[in-house]
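Written out below as structure tokens is the structure these notes cover.
Chains: A, B, C, D, E and F, in written order; residue numbering restarts at 1 for each.
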Amino acid sequence: MTKILIVNPNTTASMTDTIGAAARAVAAAGTEISAVTSTMGPVSIEGYYDEAFAVPGLIQALMNAPDADAGIIACFDDTGLDAARSVARFPVVGICEAALVTAGQIAKRIAIVTTLPRSIVPLEELVRRYGFAERVQVTACDVAVLDLEKPGSGAEAKLEAEIARALDKGAEAVVLGCAGMADLPQKLSRKFGVPVVDGVAAAVKQAEALAGLKLTTSRRGSYASPGAKRYDGLLAPFAPKSLD
Amino acid sequence: MTKILIVNPNTTASMTDTIGAAARAVAAAGTEISAVTSTMGPVSIEGYYDEAFAVPGLIQALMNAPDADAGIIACFDDTGLDAARSVARFPVVGICEAALVTAGQIAKRIAIVTTLPRSIVPLEELVRRYGFAERVQVTACDVAVLDLEKPGSGAEAKLEAEIARALDKGAEAVVLGCAGMADLPQKLSRKFGVPVVDGVAAAVKQAEALAGLKLTTSRRGSYASPGAKRYDGLLAPFAPKSLD
Amino acid sequence: MTKILIVNPNTTASMTDTIGAAARAVAAAGTEISAVTSTMGPVSIEGYYDEAFAVPGLIQALMNAPDADAGIIACFDDTGLDAARSVARFPVVGICEAALVTAGQIAKRIAIVTTLPRSIVPLEELVRRYGFAERVQVTACDVAVLDLEKPGSGAEAKLEAEIARALDKGAEAVVLGCAGMADLPQKLSRKFGVPVVDGVAAAVKQAEALAGLKLTTSRRGSYASPGAKRYDGLLAPFAPKSLD
Amino acid sequence: MTKILIVNPNTTASMTDTIGAAARAVAAAGTEISAVTSTMGPVSIEGYYDEAFAVPGLIQALMNAPDADAGIIACFDDTGLDAARSVARFPVVGICEAALVTAGQIAKRIAIVTTLPRSIVPLEELVRRYGFAERVQVTACDVAVLDLEKPGSGAEAKLEAEIARALDKGAEAVVLGCAGMADLPQKLSRKFGVPVVDGVAAAVKQAEALAGLKLTTSRRGSYASPGAKRYDGLLAPFAPKSLD
Amino acid sequence: MTKILIVNPNTTASMTDTIGAAARAVAAAGTEISAVTSTMGPVSIEGYYDEAFAVPGLIQALMNAPDADAGIIACFDDTGLDAARSVARFPVVGICEAALVTAGQIAKRIAIVTTLPRSIVPLEELVRRYGFAERVQVTACDVAVLDLEKPGSGAEAKLEAEIARALDKGAEAVVLGCAGMADLPQKLSRKFGVPVVDGVAAAVKQAEALAGLKLTTSRRGSYASPGAKRYDGLLAPFAPKSLD
Amino acid sequence: MTKILIVNPNTTASMTDTIGAAARAVAAAGTEISAVTSTMGPVSIEGYYDEAFAVPGLIQALMNAPDADAGIIACFDDTGLDAARSVARFPVVGICEAALVTAGQIAKRIAIVTTLPRSIVPLEELVRRYGFAERVQVTACDVAVLDLEKPGSGAEAKLEAEIARALDKGAEAVVLGCAGMADLPQKLSRKFGVPVVDGVAAAVKQAEALAGLKLTTSRRGSYASPGAKRYDGLLAPFAPKSLD
């Protein structure tokens, strides 16, 4: 039995439901998915500011979970991923990184279609850090995250139009750039005749992979456990404890 | 049931045994591993020339397999990977790419330790293509591939010495740069206290991931199916057929 | 009169004193420096985890200040810089970025000497984002941040030894990679005969520059003001308000 | 009192007037601006050939100045900047580099709008050397440098049209790519609602910054003082003297 | 007398004739051109799969030649170039690499116009490996290789239209991206008023250069001669022999 | 008959003799070499300042030559190459670029061994612009340019020691990084058993190549002919004339 903990780092429970369903739909027979919603921070994550304030709630959710073999952060900005890896007792997967490494094994040129234009540059920076800058174009369909869930918002039509444009420019596969699109890949893949990768599903498989290989985050160098020290004020409870 | 076909693109059957065992050791409950040996080409792959002559046998093995949900090319040069992806009816995973995307989710700085110095530059070119140039150092322990299987060759001591040097230079995780090292990761990980990733094991998990997501190679652009045309001479049987 | 607000994003007031003194020592005649200490989060920032938890306190300090013409974040990781730029009513300067653009105008090859080895990779990522990857080597003297203030800690000797090593490897100028070293540049510059740049001092000048040019953060694209939305739990007070 | 020497490396005195006025408009209270015109070389600098022949006059102007705390080269190609840094007794600022480091602290994506198309590639090479290749697009409004000063030339309309195109393609801030545009930033910034950076103004602030920090060019490595040697012919007077 | 062996790695003899004629048209007085057709593999090379199967025939042709001072591989993908260099007794030139280094000495921005869209990404990967990524755009005129030889195919009009588009986007010189276009450069250069470089002609000159300098492939590192070993099956005859 | 004009851009005639001899030793049967010495500027070129003052004399020598089919600039910094290309009536070859493209066709990893340490960074910048940054290490043997000609200076021993170090670090071929080393490649190649490339010889072959292909510098974009305009003072004679 492999236990995977998925944290939705925004506080919108209905999005957690979409995410959990998408995760369970692809989980292997022996995998148990637990999807939790952050209890503090923004209702949706759009841009650098929201990102920064989603981290404490995300870390809290990761640390409070009873136990897990791997964790997933279900926001396409891979919000707080480095901090989470530094402290979690299990490997942690980001849905953007997972989607890219997956798409990168079935296509050379990839389009990420995200929600708002303001997310383009943050995602381009992420894509560069992950080493995909030469292979990926990032584009936005100009839909707010929470509108993805609203039937009459026209969100899906905008998304499809943007995918069509990306394919015209040479994309060979599409990555959906928001956890809130986790219910759409099969439908879109059939429509456009190319692989469409959802980060949540991809992350479940990467989490199963790391757990199955019994690999966890290196404690040497960048991800060394934070040294025990005092934290002040509101965030005092998050202070790293001495590890022994 | 997920069927994974692993092709050892060199013709040394004992190495296929090592590879198959390493694959089965990490395969999920519902995964069936089939490991086959190429029947034409070099007994080991060391450098550009051997690589080029391993491809026809590799393709033959991939095409002749009765059926599979995913394929793996078990040579760390990812020999023939692009050609294989262009024609296989299922997704194809390379063990170098699989090892890097796995290690990249648990460490920032990675060392690949390969066999002969002549493989360093070909691997550096691969690392660059996969987008890991800024994170990976490639180094060689100066052991011939087939000596990895010879008890008295001192191969393992040389490998360990090279790993120690790489960690001193800042590596946070180690990737074993030859399919013939597939039996060593646990032992080395315990010894050095860092994650040690074997490409064969990593590739099994990436193959399970792609198969589990029902994703296969995009036929748009780079990996378009080869057009039907005549091939001449010895290689005539490899000519692409009309697909319909 | 130009008002510059410097936020020390860790909660150690004695370090704020060092920072404030270094800032005042280089401020122009018409510049008023106000140095404040974050009231929530870690007592020192060492690695990804501490960084993430320093951001809320930093933002609070930036937003609560009565008014300012420019702001400075006085941690060499440029912690929270993008989030701060998205909401502050004035331009915000990071001390790492300021130090690099300053050193880059007086030398081609630059060494950043920071505190702990775990900070090397985060700083290398920052250096790359700022476009200095080809010109900068990052190195650590293996001193904890708060030990910089302890007379008997041997911190200064370790720092000097690391600078000597960096010059041997071709550095033409040195950047001090921690706000806690803000009192040392003149002394070290005299000792080694090369320019030594402290980020706090450099940032004061960049802040004066932006304020003097009446430039502030673009609201188009990446740094668009966060849309008004609900934040939940402990962090609810940080929710972006409607701007009008 | 900070003395800043600005050299216009072309021989057009009316452009020096524009430059001087733009500089004085942003100079700090204690800064004295001295703007001089080169006495030898091209009347305007457009492309590699003009650039090469502007350097001797530029160096002469820098060396003949009685004294200064910092120098500025007021041509957007940063003509002769490395040579100037090697010999000037004070730090030397280039207006392209100054504009980029300034714009880079208030926006992620930047457009440089220059004069003639032939300057695009030289500027792209400069942008790459300064580390901004991933963040900057260079574009030309197809106006000759000296036409910027001619009222009926339609230059300003062309410049505005090019800025509009650059913003459409995602620029978040604009850098004016010619010293002859130094009188336009405020007007353009108001019109387009984004930061518009003029290199001359930006350079004054960077010069004040370096002078205020008492930093000067490193003499170690790239910018080592030229060794004393004979120069022949017309250029004999420029021979480096023994320094002692 | 310099003997240059050109291998057409596809099996279409009429294309070898075009290639041979183009080579002889530019060969120096003392150069003897020998153009041979591969006897095994694809009739044309379009994409990764064809490429892989062209290599054995190519190597056979290079090794069977009585003697030569330099060799040329006349396929724009530089198919098998690294393998060929590892074993040939003379230097080996690829027509893509030769065309790029030639065009790069007469222009800064270069367009490669190739045949089918599926070749764009493989060529972009080659361009990157050769260090030209920042200077080259790769584009396709959507003509099958063998249609270049068919009078009524409209191939030339499509090629010209694509060249016009590339010049509009800033190309300063054009490289013809297929050996089958070797008869067109003069005509196209006259029509468009820019340098047009054919890889076959360029390669003849690079081959003359290497032969004239008595330089041959380094045997240290990447191109070390393949060690003697057994090859099995159909490809047994290609096994590297002991070199002494 | 191909006429190649080689300009030594420093004013030391004895070095021109060495250069001319090296050029004639490799020139093809039908090539006529004319080697001229600049009449104005530095006696040797070491660093950015000397470089800048070598350009006018170099251009003068290129323009005054009666006629030529190709030109060569015989300084390893490729001093003034872009300016020369903009105005010369024939293609112009730089010896650094020529050496790199030559070495790059016979080896993957290359060491440039130059004279003084101050030249390392300027050459690294050149290497990067030419696209060889990932393949080349630049190193200096700490010998002044003119000492290369002095028998008792120990220059050759220092050069050999530096070559040995570069090979230890993985270089597969060596490029001699100064025109004053043009007499040494054969001897060094025999001694170290690797290809040793001299830029002057390599440039002769590239010049023959361009002339043989009847290619000359593109006038579209970067290398557009300088527009006619006034130059003032000492350099007035260099003003570009109207071309028609």
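Assume a contact is a pair of C-beta atoms (placed from the backbone, for glycine too) under 8 Å apart; a residue touches a chain by one contact, two chains touch by 3 or more.
Not measured: the values here are computed from a predicted model.
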Task: Count how many hops through touching chains it takes, at the least, to reach chain D starting from chain A.
output: 1
- line: Matching the CA atoms of chain A with those of chain E requires turning by an angle in degrees, to the nearest 5, of 120
- prompt: What chain is the most remote from chain E, judged by the mean position of CA atoms in each chain?
  reply: C
Message: Suppose each chain is reduced to the average of its Cα coordinates; what separation in Å results between chain B and chain D?
response: 52
- prompt: From the C-alpha centre of chain C to that of chain F, how far is it in Å?
  reply: 44
- prompt: If you average the CA atoms of chain B and of chain E, how many Å lie between those two points?
  reply: 29
Message: Which positions in chain C are in touch with at least two other chains?
response: 85, 108-109, 120-121, 133-134, 170, 221-223
Message: By the document's touch definition, which label belongs to this structure's chain graph: line, ring, star, complete, or other?
response: other
Message: Show me, using the given definition of touch, all chain pairs that touch one another.
response: A-B, A-C, A-D, A-E, B-C, B-E, B-F, C-D, C-F, D-E, D-F, E-F
Field: chain C - residues contacting chain A, complex
entry: 11, 38-44, 46-53, 55-57, 59, 80, 82-83, 85-87, 117-118, 120-122, 125, 129, 144, 221-224, 226-227, 229-236, 238-240
Message: Quick check: in the complex, which residue numbers of chain F touch chain B?
response: 108-109, 134, 170
Touching residues (chain side chain E, partner chain A) in the complex: 120-121, 128, 133
- request: Going by the contact rule at the top, pick out the chain B residues touching chain A in the complex.
  value: 26, 28-30, 85, 91, 93, 97-98, 101-102, 104-109, 130-135, 167, 170-173, 193-195, 197, 201-202, 205-206, 208-210, 212-213, 215-223
